[in-house]
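A, B, C, D and E label the chains in the order they appear, each numbered from 1.
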Amino acid sequence: MDQASAPLLEVRGVTLQYKTDQHLVTATWRVDFDVHPADRFVLLGPSGCGKSTLLKGVAGFMAPVEGTIALKGRPVERPGPDRMMVFQEFDQLLPWKTVEDNVVFPLEIAGRAKGLEARERARATIAKVGLSKFREVYPHMLSGGMKMRVAIARAMAMEPDILLMDEPFAALDALTRRKMQEELLALWDELRFTVLFVTHSIEEAILVGSRILLMSPHPGQVRAELNAGTFGRGQIDTPEFAALARRIHDMLFAERIESEGRAGHG
Amino acid sequence: AETKEVRVAQQFGISYLPLTVMKEKRLLEAAAKAAGLGDVKVSWTVFSAGNAMNDALISGNLDFASGGVGPFMTIWARTKGNLNVGGVASMNSMPLYLNTVNPAVKTIKDFGDKDRIALPAVKVSIQAVTLQMAAEAAFGVGKHDALDKLTVSMSHPDGMAAMMSGRSEITAHFTSAPFMYQQLEDSKVRRVLNSYDVLGGPSTFNVIWAAAKFRAENPKTYAAFVSALSESMRWISADKRAAAQLYVDAEKAKLTVDWVEKLLRDPENVFTTQPQNLMKYAEFMHRTGMIKVKPADWKEPFFPEIHGGPGS
Amino acid sequence: MAEPIAKREPPLRPEILRQTRDVSGLGAVERPLTAAERLMNQAGVRRSLILIGLAAAWQLYGQYVGNNLILPTFFEVLEALWEVSRSGELPDRVLTSLRVLTIGYTAGIALAAVLTTLAVSTRLGADLLSTLTAMFNPLPAIALLPLALLWFGLGVGSLVFVLIHSVLWAVALNTHSGFSSVPETLRMAGQNMGLRGIPFVARILVPAAFPSILTGLKIGWAFAWRTLIAAELVFGVSSRSGGLGWFIFEKRNQLETASVFAGLLAVIVIGLVVESVVFRSIERRTVRRWGMQR
Amino acid sequence: MAEPIAKREPPLRPEILRQTRDVSGLGAVERPLTAAERLMNQAGVRRSLILIGLAAAWQLYGQYVGNNLILPTFFEVLEALWEVSRSGELPDRVLTSLRVLTIGYTAGIALAAVLTTLAVSTRLGADLLSTLTAMFNPLPAIALLPLALLWFGLGVGSLVFVLIHSVLWAVALNTHSGFSSVPETLRMAGQNMGLRGIPFVARILVPAAFPSILTGLKIGWAFAWRTLIAAELVFGVSSRSGGLGWFIFEKRNQLETASVFAGLLAVIVIGLVVESVVFRSIERRTVRRWGMQR
Amino acid sequence: MDQASAPLLEVRGVTLQYKTDQHLVTATWRVDFDVHPADRFVLLGPSGCGKSTLLKGVAGFMAPVEGTIALKGRPVERPGPDRMMVFQEFDQLLPWKTVEDNVVFPLEIAGRAKGLEARERARATIAKVGLSKFREVYPHMLSGGMKMRVAIARAMAMEPDILLMDEPFAALDALTRRKMQEELLALWDELRFTVLFVTHSIEEAILVGSRILLMSPHPGQVRAELNAGTFGRGQIDTPEFAALARRIHDMLFAERIESEGRAGHG
């Protein structure tokens, strides 16, 4: 495990901006973090703090205006199937493909699997997200949560080096959500890929993550990077879990109150 | 060696009968063979208007073009000194009638502001030129464009339909055969003007022309064409009934053979290689600025093969 | 708006508990429709009604005008259509036209595909497309005449060239605007799979922009017809090979207005058939099934 | 894919705590661009380059062909353009054409608005639109001649009628396809506010379908030009009213090819101006600002 | 309070179906419930059970194939601004209007407020959802959570008789979410409108709702209708709260296990 010491993904002083004719929005400001192989790295922060933007930067959709994003030592230049992403939006499925074809498509495109093999892999993953009955259906006939589950299946079936997930479980009910979390962890346990995971739920962050990046409000800066240890669902009621949750909670709160005070002045 | 393919263009209608006969009876092929040129392929193209034909000739896609006197004078004047397009022969002398349904109009002086005269193309068609000549005669020098403001561009069939329907502003139509004769069969239509009267005698309506280069490079083919054309005209005047029959068959025309024969027998319609009253047009067009060069005599715009005749 | 009644409270009611039933095999539950409603639900029926209405209006107006040199009645035209169809004249001409049309249409679409692919791949390509379109699209076919004659001479080549001109820009404009409107998320999803360049265009942009592309194809098809009929007159016809445009011109010169309209009716019928058989079924199988258009 | 190293674990590292800074006033952070890059970032520069390239190609090809009766060179055409512009002949004709064009274009758009509003409001309207479009769109302008003459007589009225025919269907097709592609959620959001009928179309569907509508307008504009120039020949141009189409026809008859091209160049220039001034700025202020097109 | 006994909204035996050429999806089956004035009525159920569909039925976008939906005794026939809806999708904002104009638009359309008044009302509501800095920005420049907050502001500014909210807070982080819940409850306390609220979170259901409808998985049927009492954030750690949460949790779980067993057989 000599690789373990070298970070898989290095984000160094990354500032990301959106620029249009009239507006300039700085989404994140000088963000640093390292993601090591097999990390389950969680991004946690208030709405609009630049989590999705950071993910887009890592995925290669946006170039930083400052700083560097490097994967295995090489700067990220373009998107690629080694970094499969689950987007936050519902309309990320290809409307012209059925649920199954949506999952098969990237497998074939990226050469991960072909023909029958791809189809079987897709079916297995679709079963895991509980949509076997809807395999032949087009995305517009799915509910919001079902669409997200297809997107999750599509990304998981690819078994990529890095999985980028932008609030994948936000539209899911408590039970489906728990099931999905378990599936994700089981898959991780089997393949030990790396996950970069955005969530809004502190509980989910601790359950899913091995390390948690706390971000400050707009424009997003790094507030803290914490170890989430290896809490499982069994430990949810332990004092350690509660303590960590409390700590994160307080940090976010403090940040918020501070920033609101600041907004009041400015 | 001379060309193995001759490309000839004609337009639509009875006035192109010599070319139709030439095509149907394969006279050019025969003449070429007789001249020792072997099997020459003749491709015929039908055009709906003269200017596209000129473009085709200038771009080298056509060897012989045919059309009205106006376009011929224009292309001769414009290509003098470079392409040197010249007349091969005249094709016919046929009158043009200005007909009207307005009972108040007896001469062109009677046209009022409410009248509209349809003709193929305002200002540029041979009908428009003839009308200007008539206007000059009627209203005096410098007033040749007096009636232009009443003229309207319309293709022959459209103009005819418009005038005959009685439902449009068109009250007069300056057109050619066969339309003008068809119109006169209706009792409400009267003739106001005959181009022969304006020009003081029969006048050339259609001409065939070619580029000097073609004639220089293919003298035998060129000669064969001229003789085939004469042959065709001879055949028409020898048997007008057969010519009418051939026309109706070839064009799948709805006109009856009798009707066409009557038209052919009318002495004002003559098929001849000799231009008639061409110079009157040329002078007028030059005087009004439509062409920049004035031919010295009728022979100048034509190639020498037909210079021997009694042209004018 | 509800008047804010002084702090009204929702009433307290007992809780309800129920057992659910297995209804997974449930079929359609529908309210019955009246026979008239069912009939009017058939697109075919509605369209036929429209067509019959139009034909009737034509017939009546034609009779009212009462001048078959200008506007023959519908039945006169039908008769003429029957006549020229039976003699094989019209079908022949239609086939000739269709052949040229298909070549020009296909070539135009292919060129549009190339141009728009360029336009979405590079910024210069986008500028090229928009500049060329703005320049050439308003030009009438005669503007191309010299080039056509120089490059292709008389005949089919030139016709095809002009047809391409009439198809290309409309299809390219629609396609490019469709490409530009593809939602960012879908675009990113495609790139995320590693698609780039032509595969990206073909597998993501084309289906995602399909409604626009279809519209472009429809407009291109219609304008190809218009142009063909007009262009056959400009380029002339060798021997007896003319298509529908020449047929119409000929009949017009022979003052056979009913036959002219028969020719136009043929264009209309072909238009309807292509719309209802080709485009409509493409639509049903693609954009509608995919929920991209209602 | 990462080789599944026997149950590899992420390394344990120390926690990090940081203070954040107030950077709310942060301006643009940009990498410097080279001068060439900055230049090429100007759309105007890129487009001018394209135009210059096209002009150069024309000039060279024209010289190569060396036949100014069929294809004059660019400079000969510029000279002719200057000539006919200075004499006031061309500007006059252009104005005449523009006047008619504007009327026809506007009327066509208005009619398209009515038809598409009908089409999205009722099912019969939708069938009417698609049937009419399929029928009439492929018809060339001459098909309308009889009706035009009957209804509007000679002159501007008929020209406008034909222009409407060339604008209406393209705009209506694009608008309707745009309307049909408006996402269901947006549609519901509009209805939820109580919008129905015409206000719903005007305030929700039109802006939501604006990219398609713009494309329709562009195509309609181009085809209006084409049709106008062709139609001036078909439809009774009286000697007083000739526009650009007549100018071109006249010059062509007089074999003044350079002037013909000068007329066409005028069309091209107008096309470019309208594209870059009108359409482009509409685009910039609407669909691009709204993030509906990139 | 004589109105209190008459339900504001009566849903009786409502079956909702989606029908396309190839597929027929029954979203809900014979659902009954009553919503009384000033109710905060929560729909809770697994992903794909027809919650959004039910809301669309109440809003008037879909007609039931069976049963009736009546508002104040009259069957619902069409959508209207008396039932403002917050949709589950991010793309419910009008892309051609700025954040502020998006909020002003329905106010003016429905005649709730005009001109300056509408603008001020909009600004106040936008401030409540914490987006004052983004008033002049177009929706495409917002993050997912920010878009949802604009939609919430748009609906709340309308102060409708009935507010239909489809997972409005799903895309929000814990803190923003809490703030939004508080704003909603404060507004309710002031105006006492009626809310129909879809959520995935049991905790949120109990906090926000006064009555909770539990639905079974696809096709959705009524499982239970429970009183949520008047739990405030203060009571979150009380045993009563925990007991109710547990009860709901178990009901949903039981349903799920049952249905999965069933799916296994079928």
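FYI, contacts are C-beta pairs under 8 Å (C-beta built on N, C-alpha and C of every residue); 3 or more make two chains touch, one makes a residue touch a chain.
All values reported here derive from a predicted model rather than from experimental measurement.
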For subunit A and subunit C, chains touching each: D, E
Chain pair whose interface holds the most contacting C-beta pairs: C-D
Most distant chain from subunit E, judged by the mean position of its C-alpha atoms: B
Subunit B-subunit C separation of Cα centroids, rounded to whole Å: 42
Where subunit A and subunit B are represented by their mean Cα positions, the distance between them in whole Å: 82
Centroid distance [mean C-alpha coordinates] between subunit D and subunit C, Å: 18
Approximate Å spacing (C-alpha centroids) for the pair subunit B, subunit E: 83
Subunit A, residues touching no fewer than two other chains: 20, 89, 91, 140-141
Subunit C, residues touching no fewer than two other chains: 65, 70, 146, 149-150, 184, 252, 257, 289, 291-292
Numbers and ranges of subunit B residues touching at least 2 other chains: 55, 59, 155, 158, 161-162, 165, 167
Touching pairs among all chains present in the structure: A-C, A-D, A-E, B-C, B-D, C-D, C-E, D-E
For the subunit B and subunit D complex, residues of the former touching the latter: 50-51, 54-55, 58-59, 70-71, 74-75, 78-79, 82-83, 116, 118, 121-124, 148-155, 158, 161-162, 165, 167-170, 290
Of all residues in subunit C, those that touch subunit E in their complex: 1-2, 4-5, 7-13, 15-18, 20-24, 26-31, 184, 284, 289
Complex contact set, residues of subunit A against subunit E: 18, 20, 23, 25, 44-48, 52-53, 88-91, 133, 137, 141-146, 149, 167, 170-177, 200-202, 249, 252-253, 256, 263
Residues of subunit D touching subunit C in the complex: 43, 46-47, 50-51, 54, 65, 70-71, 123-124, 127-128, 130-131, 133-143, 146-147, 149-150, 169-170, 173-174, 177, 180-181, 184, 211-212, 214-215, 218-219, 221-223, 225-226, 229-230, 245, 248, 252, 257, 264, 267-268, 270-272, 274-276, 287, 291-294
Residue ranges of subunit B touching subunit C (in the complex, touch as defined): 9, 12-13, 43-49, 52-53, 55-56, 59, 61-62, 155-158, 160-162, 164-165, 167, 179, 182, 253-255
